[in-house]
Each structure stands twice: as structure tokens, then as C-alpha cells.
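Got a structure for you, questions after.
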Amino acid sequence: MSFIKGLKEIYLLFIKIGIRKKRTILLTLLSFTPVLLLLIAKIIEITKPHSSISASHLYSNIIVAFYIQFIIGILSIFYGSSVIDEEVEGKTLIYLFSKPISKSSIILGKFLSYISIIVITIMSGLIISFIIAYINAYISHKIIIMFFKYMIASFFAIMAYTSLFTMLATFFKRTAIVGLLFIFGWESIINYMPGKTQKLTIIHYVKSLIPQTAVNRNFLLFHLEPSSALTAIIVLSLISIISLIIGIWVFKYKEYII
Amino acid sequence: MGVIKAVNLSKWYGNVLGISEVSVDINKGVVGLLGPNGAGKSTFLKILAGMLKPNLGKIMIKGKNILKDRELYKIIGYCPETDSFYMEMTGFEFIFSLLKLYGFSKNESKILAEAAIEKVGLIARMNDSVTTYSLGMRQRLKFAQSIAHEPEIMIFDEPLRGIDPLWKSKLIDLIKEFKENGKTIIVSSHILPEIESITENIILIHQGKIFAEGNIHYIRDLIDTHPHMISIISKDNRELASVLIKENFVSDISFKEKKIIVKTDNRELFYNHFMRYIAENNIEIFELTSPDDNLQAVFDYLVGAKR
Amino acid sequence: MGIRRYKIFDKDINDRKNKLLWVPILIRGIKDVFKKRFGKLLFSFSLLPLISFIVPLYITVRPELKYMLRRIKFLANDSSFFYAFFTNNLLIFILLILSIFTGAELISRDFKSNAIPLYFARPITKIDYIKGKLSIILLYLLSFSLIPGLLLIIFKLLFSGQLVSFHIFIASILYPIIVALFFSSYTLLISSLSNNEKFVKIAIFFIYLLSDIVFRIIHNIIKNSYIGLISIRVNIKNFASAVFGTQSNFNFSGWYSGAFLVLLTGIFIYILYKRIDRVSN
């Protein structure tokens, strides 16, 4: 079977399996908690016009940070490592290896299907939140650009983190703790360090793509000395591509004992 | 050249030996792969199916190297021993989705999936989630996925484990039917009567090495030096024993419960003399059995001898 | 026959009372955790808060470095020093990671391999089982919170020749025990919710952080301090401020947070018991 056809079939298979998993449903529901809270904020904002609550303020300062700095990391660790882990641990890799499909199609197809699930979860969260936040407000050209910047930053963050954890999963058996330590340990600590050290994190480049506000700078994006948007996009793309190439190469030549 | 040709296959898992210097030619028909747990059966089958790469030696399927030609996977059906499934699917979806991975269209996959599910008797439950299946049903479903694409070569690793007697017999018939249709089939098991009921053509594997292969009778000839055991229950065991012990072809006699166990180096001679003796002396015999005619005895002897 | 049976039964009960039947589970668990890859590396890393607080402790006793006391607020007195040690983000992060590392698979693996009925085929009760599993996590958490805290008290004595007050001494024991108990029960509860170890690991972390983020969002909507009770992190810090007698950042008593943590621990263990009860029957 051709590489593309194999890729397509594997992609469709794991989209079908992925969206049915109880874990996917649970993680998606949890990821939507802030959307629900934002809805409550909006209702209060509309029904009590004199209150100090501003859903749009909440959106750009907390909700976006929640998705980019927290949910994307968690989902990327989970799905990125699942590309290989669940096949090896569940011993289902045998069904894929016994088919006339190249190993590159298998890993890439499954990776793309899980990326799709994360992208849909995150993007729908961001879009619904945006609609709720600005439903009764004037949406300026500036706000639209800001919104697209959030989307672009989220997309590149998902790609970079997920491909990194997919690659790690081809080397190691249990990557969840490594992933948590990397995102919530290393990437947080290094933010406090002076100079160029913060450029050794993925989050630095993701933050460089996000429009900064006075609040989110203080809340989660402290000590940021942003790189240019172009540099950030190039670095994040390179991380994604290199991680994927290494991941595919290892998967192709490593022997998994099933 | 056989359909499958393995030359000097060796496989280690780190320091642990999987199989060692295994060479075998497999032709059309059914071959039974016998060996105790941990003998290397699954490793050998995984190498044949292209799941594992041998450290040494090579494996050729219809003259081609399976590791270099993934198209060969289309003609192989592999039923793994592990009880693993995509649990989020129904039985039908499981077979259907795997068929799609062979490149079949939606329609073809649907027809082939239903045909395979019907063969293993799961039509009524095919739209139920795999999680609701019993062990025997899951085993049949696993079997179905390996035959659904109608492969020329079928590799079944412990296919009858956990299946009820009725379906065991039906699957055995199915395997025999595949044989009639000119397929090449390898069935592994550590339960000898199972293999015995499927085929006479066997490969014995132990501690990663093949130490006998061929027809069960041919294997029996291999162990002619091994004394043949015959169990007899007669009206007067002591009297019979005192007569038999005088014969050259009887090497040993012992008593076990109500039986006399006779060991002979020459089976044919024993039976000729014995029949004549009981007829001439009008001796009453209640039971005459030969445990050595069972495949288990051959297996036990060969494994024991290698130890 | 009846009396004889009764006697046997009675003897069994006495045997049970005399034996710490959960101890083998603890010992097995300790060994398993120690055998894990990167275990020693993680344990070494977990000593970082202790090492980083010994240095400031030394500063307080060197007259030539006294000028730094004005800049480092937590060096003002023992209460703020030990509060800062026990509530620093790195230590809490380490406790969370240690909980995941030592406890995430403790029950999920038993569920996955259907080992629960095997445990109860022996003369152990569900409480013994929970005690054994809980003590594994507890032991590791206390090793990197309670013991470093006590070591800091000893170091203070060695550096300055002064003992900490009885209040600080008791607080340094009570606080880590309550927090470790909370994290242990929380970890075990999540571990009992799924057979998938990776999901358990991520869920432990996810729920902890989510509780804090949800608190921030709701706090932004309704400016009420009591919303802090939603956040595990806020409760831990607020409880510490009550125990160590420091100024709380929240407008409600830290003892409420402490009581809430204890209540949650009890609820977690109760749910855990019910889950195990359901699986074993």
C-alpha cells in the first residue's frame, strides 16, 4: 500500500478510536471548564451591568493563558506519548505491524489523528470562549488580529509539544512524568532565570506569538523577553519537524517486544 | 522450495534466548508447532509473520524476504496469542477497520468482515462492543481478523486457547477446510491433542531449538530406541507377567495399580507374540492400551531426552 | 463442632490483631518504587528545597551578612522562615511529582491485572490494603517534607545554638503530616479511577492545577476570598499560614483550609474504600 493511502487509513482508524475513548471525553470536558466559567461571567456581566466583571478581560488574560500554558501541555503529554505507548502496552501494535503499511505511515498517521483531536479540543475551546466573551461587544480589527494570534500560537504549541513527546515515547517507556517535569518544572523554573536561558524552552517561543496584556504579563508570562514572531514560528516548526523525523526514524528501526 | 523457508534463524531478547539456529521448510498444508510454554513458539511465529527481525539467519516467504517487501503481508494472516484488542470498537468495526488497512474498499471490507465473522459464529454479536465479549468470543474474533482477507499463509498462535469444545471443533474443521483449499497453515499449541486433531505434520520446539519435525509416525520412528510402553489389565496379572518377562523383546515389567506396564524394544514382535500367547492359553484380557501411541508420549520423550 | 469453629475464628481474630498485615504491602511498595528508573535521580532532585533553605538559614547567623535579612523577607523570624520552606512552590511541585511517581500505579495496576481479589484471598482487610498503599506514598512524601523540616531545625540549632519555639516544632510536624496525608489519599483515589497509569499520572497533575485555575477565574468573577477553598494550592498555603502563625494572603482562616484538607482526605479514603469494596466483591 502506498505511503499516503496507509497514512490516510491509519489516520481514520485512530480518529475513530481516539474520539471514543473515555479518557478523551473526560479530558475534553475538563478542558471546557473555563468555557463554562466564562459563560457564567458573561451572564453576570449582562444581567448586572454595574458589576466590575468583564468577560472579554477574563478571556484575554486568563482563559487564553489557561489553554496555552496549561491545557495544551497536558493534552500534548497525554496524546503525544500515547501514539506509541498505548500500542505497546495494549499489545495492539501487532495488528498494525502485520499489515502492508510502512512503519512511517503508522506513526505519522496516528500522530496526525491525535494532533487533530488536540487541535479540535483547544481551538473549539478558544473559539467558543471568544464568542461568549465578545458576543455583545464591538469586535475591532485589533481584537480579530489578537484572536488569530492566539490561534496561531496554540497551533504551533500543539505541534511542537506533541511531536516532542511522541519522539520521547519512541525512546522511553513512561514519558508522562518526564513530560510533566519538562513543562511544569523546567519551563517554569527557567522563566525566572536571567539572560537568554529562557530561549531553551518551547513556551518562550509560544509566548512570543501571544499579544501581551498588562495582566497576563504578570499572571503567567513573567520575565518575558520575546523573540520576534518569525523567529518563534521558525523555531517551533523546526522543533516539530526534527522531533517527528527522529521519532519516525526510531520507530522504524527500534524493535518493540509485543 | 517451500512456501516458507527459514534458514538458521536466531533471536535473542538481550541475554535471553528466543530461538536458536532454526531452519525449516514449510509447504502447503497444516503444520503443528508444538512445544511447552517458553519454548520459542511465539518468537518463531512472529519472525515468520515479519513482526520480529531475527538476529541471525533469514526468512523467505515465496522466495522473497518479508522484511524487505511489505506487500507480502497481504498474503499472510496472523493470529497473535495475546488477548489484545481496540476495546473502543465493536466486533464488526474491529475486523472492518483492520481490513481497510490491507487496502480494501469500504464495500469489500464490509463483505469480507461479515464473511469472517460468520465463519467464527459471531454474527449475532458483531455490533456489540468488544468489551462485552467473553474470552472465547474474543479469541474467535482474533481468529476472524487473521482469516478475513483470505490470506494464502495463515499463522495461528495458540488459536484454540479459551474456546469452548464446540467451537474448538468448528475451528479445527475450518482449519482443515483451509488446508483443502491449498493454504499454508501453521498452528502452535502446547496442548498435544489439539494439534493431533488438526494435523499429523508437526514441528517440535523446545528451548528455542527445533529438535524434530515431520509426520508424527516418522517422529515415532525417530524414537524407536526408546522402549515402547504397553499397559495391560488381565484376570491374573502376576501369571501373565511371569510369562512375559522370559521374552527377549520385553525389557522391563512393572505393576501400577491394577495394571502391568510392559516396556518393549520391538513393538511389532511384542504384539505378534502376545496375541498368539493369549489365544493359545485362553487368557482373559480386560484392557490393552499403549500410552505411547499418543502424541503426548512422543513429545514427553523427546523433551525429556533433550533435557 | 460449633465451639471448635468459634475457637478457630477467635484465634484468627487474635492473630489479626497481633500482626501488622499491611506492612508487607508497604515493604513491597518501597522496594518497587526504589527499583524504578530515574528514582534515585528524582530523590536527589527532591532534596533541592532543603539545600536551598540551608543557605539562607546560615545567612541569619552571620553578622556580616545581616544586611541581607532586610531584603529576604522570610528570614525575619522562624515562623516566616519555616512557612516559606514548607509552602515554596518548588517543594509543593516536588511533593506532587513524588505522589505521581510513587503512587499513581499503586491501585491502577492492581485493577489492571485483576490483583485485588488475590489480596483479599489472604487474611487482610480492605483497610489493611488501603493502609499499606497509603503508607508507601506517605513514607516518601514525609521523607522529603517532614524530615527536611526537622533537619532545618537541627541546622538552626547547630548554626545559632538556639532551639526553635515549641510551636514551630509542633507546626513543622503537624503541617507536613496533614499535607502528605492529603496528597497520599488524593493520589490513591485517582489511581483507583482508571486502569491507565499514564492517565492517572496526568489526572493527578491536571486536577491539582485545574483547581487553582478555576479558583482564579471564579475569584475574578465573584471577588470572594472563600472561593480559595476550591484551590488545593491555596488551601495548603492558607493552612500553613495558620499553623506557622504568619499573615495569610486570604481573608479567611487558615484553619478552615486545614479542616477542609482533612475532610477531603477522609472523603477520598471513604470513596477509595467503596471502590475497592466494589471490585473485591
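Order as written gives the chain letters A, B and C; numbering starts at 1 within each chain.
Keep this in mind: contacts are C-beta pairs under 8 Å (C-beta built on N, C-alpha and C of every residue); 3 or more make two chains touch, one makes a residue touch a chain.
Treat the numbers as computed from the prediction; the structure is a model and nothing was measured.
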| item | value |
| --- | --- |
| Greatest separation from chain B - chain, by CA centre | C |
| Chain ID, smallest distance between chain and overall C-alpha centroids | A |
| Distance from chain C to chain B - Cα centre to Cα centre, in angstrom | 54 |
| Between chain C and chain A, distance of the C-alpha-averaged centres to the nearest whole Å | 30 |
| Centre-to-centre distance between chain B and chain A (centres being mean Cα positions), rounded to whole Å | 50 |
| Interfacial residue positions of chain A with respect to chain B in the complex | 1, 5-6, 9-10, 12-13, 16-17, 20-21, 90-92, 94-102, 255, 257-258 |
| Sites on chain A touched by chain C in the complex | 23, 27, 30, 33-34, 37-38, 40-41, 44, 52-53, 58, 62-63, 66, 70, 74, 77-78, 81-82, 85, 174, 176-177, 180-181, 184-185, 189 |
| Contact footprint of chain A on chain B as seen in their complex | 13, 46, 49-53, 70-74, 76, 78, 80, 82, 84-86, 88-89, 93, 97-98, 100-103, 145 |
| Interfacial residue positions of chain C with respect to chain A in the complex | 37-38, 90, 93, 97, 100-101, 194, 196-199, 201-202, 205-207, 209-210, 213-214, 216-218, 220-223 |
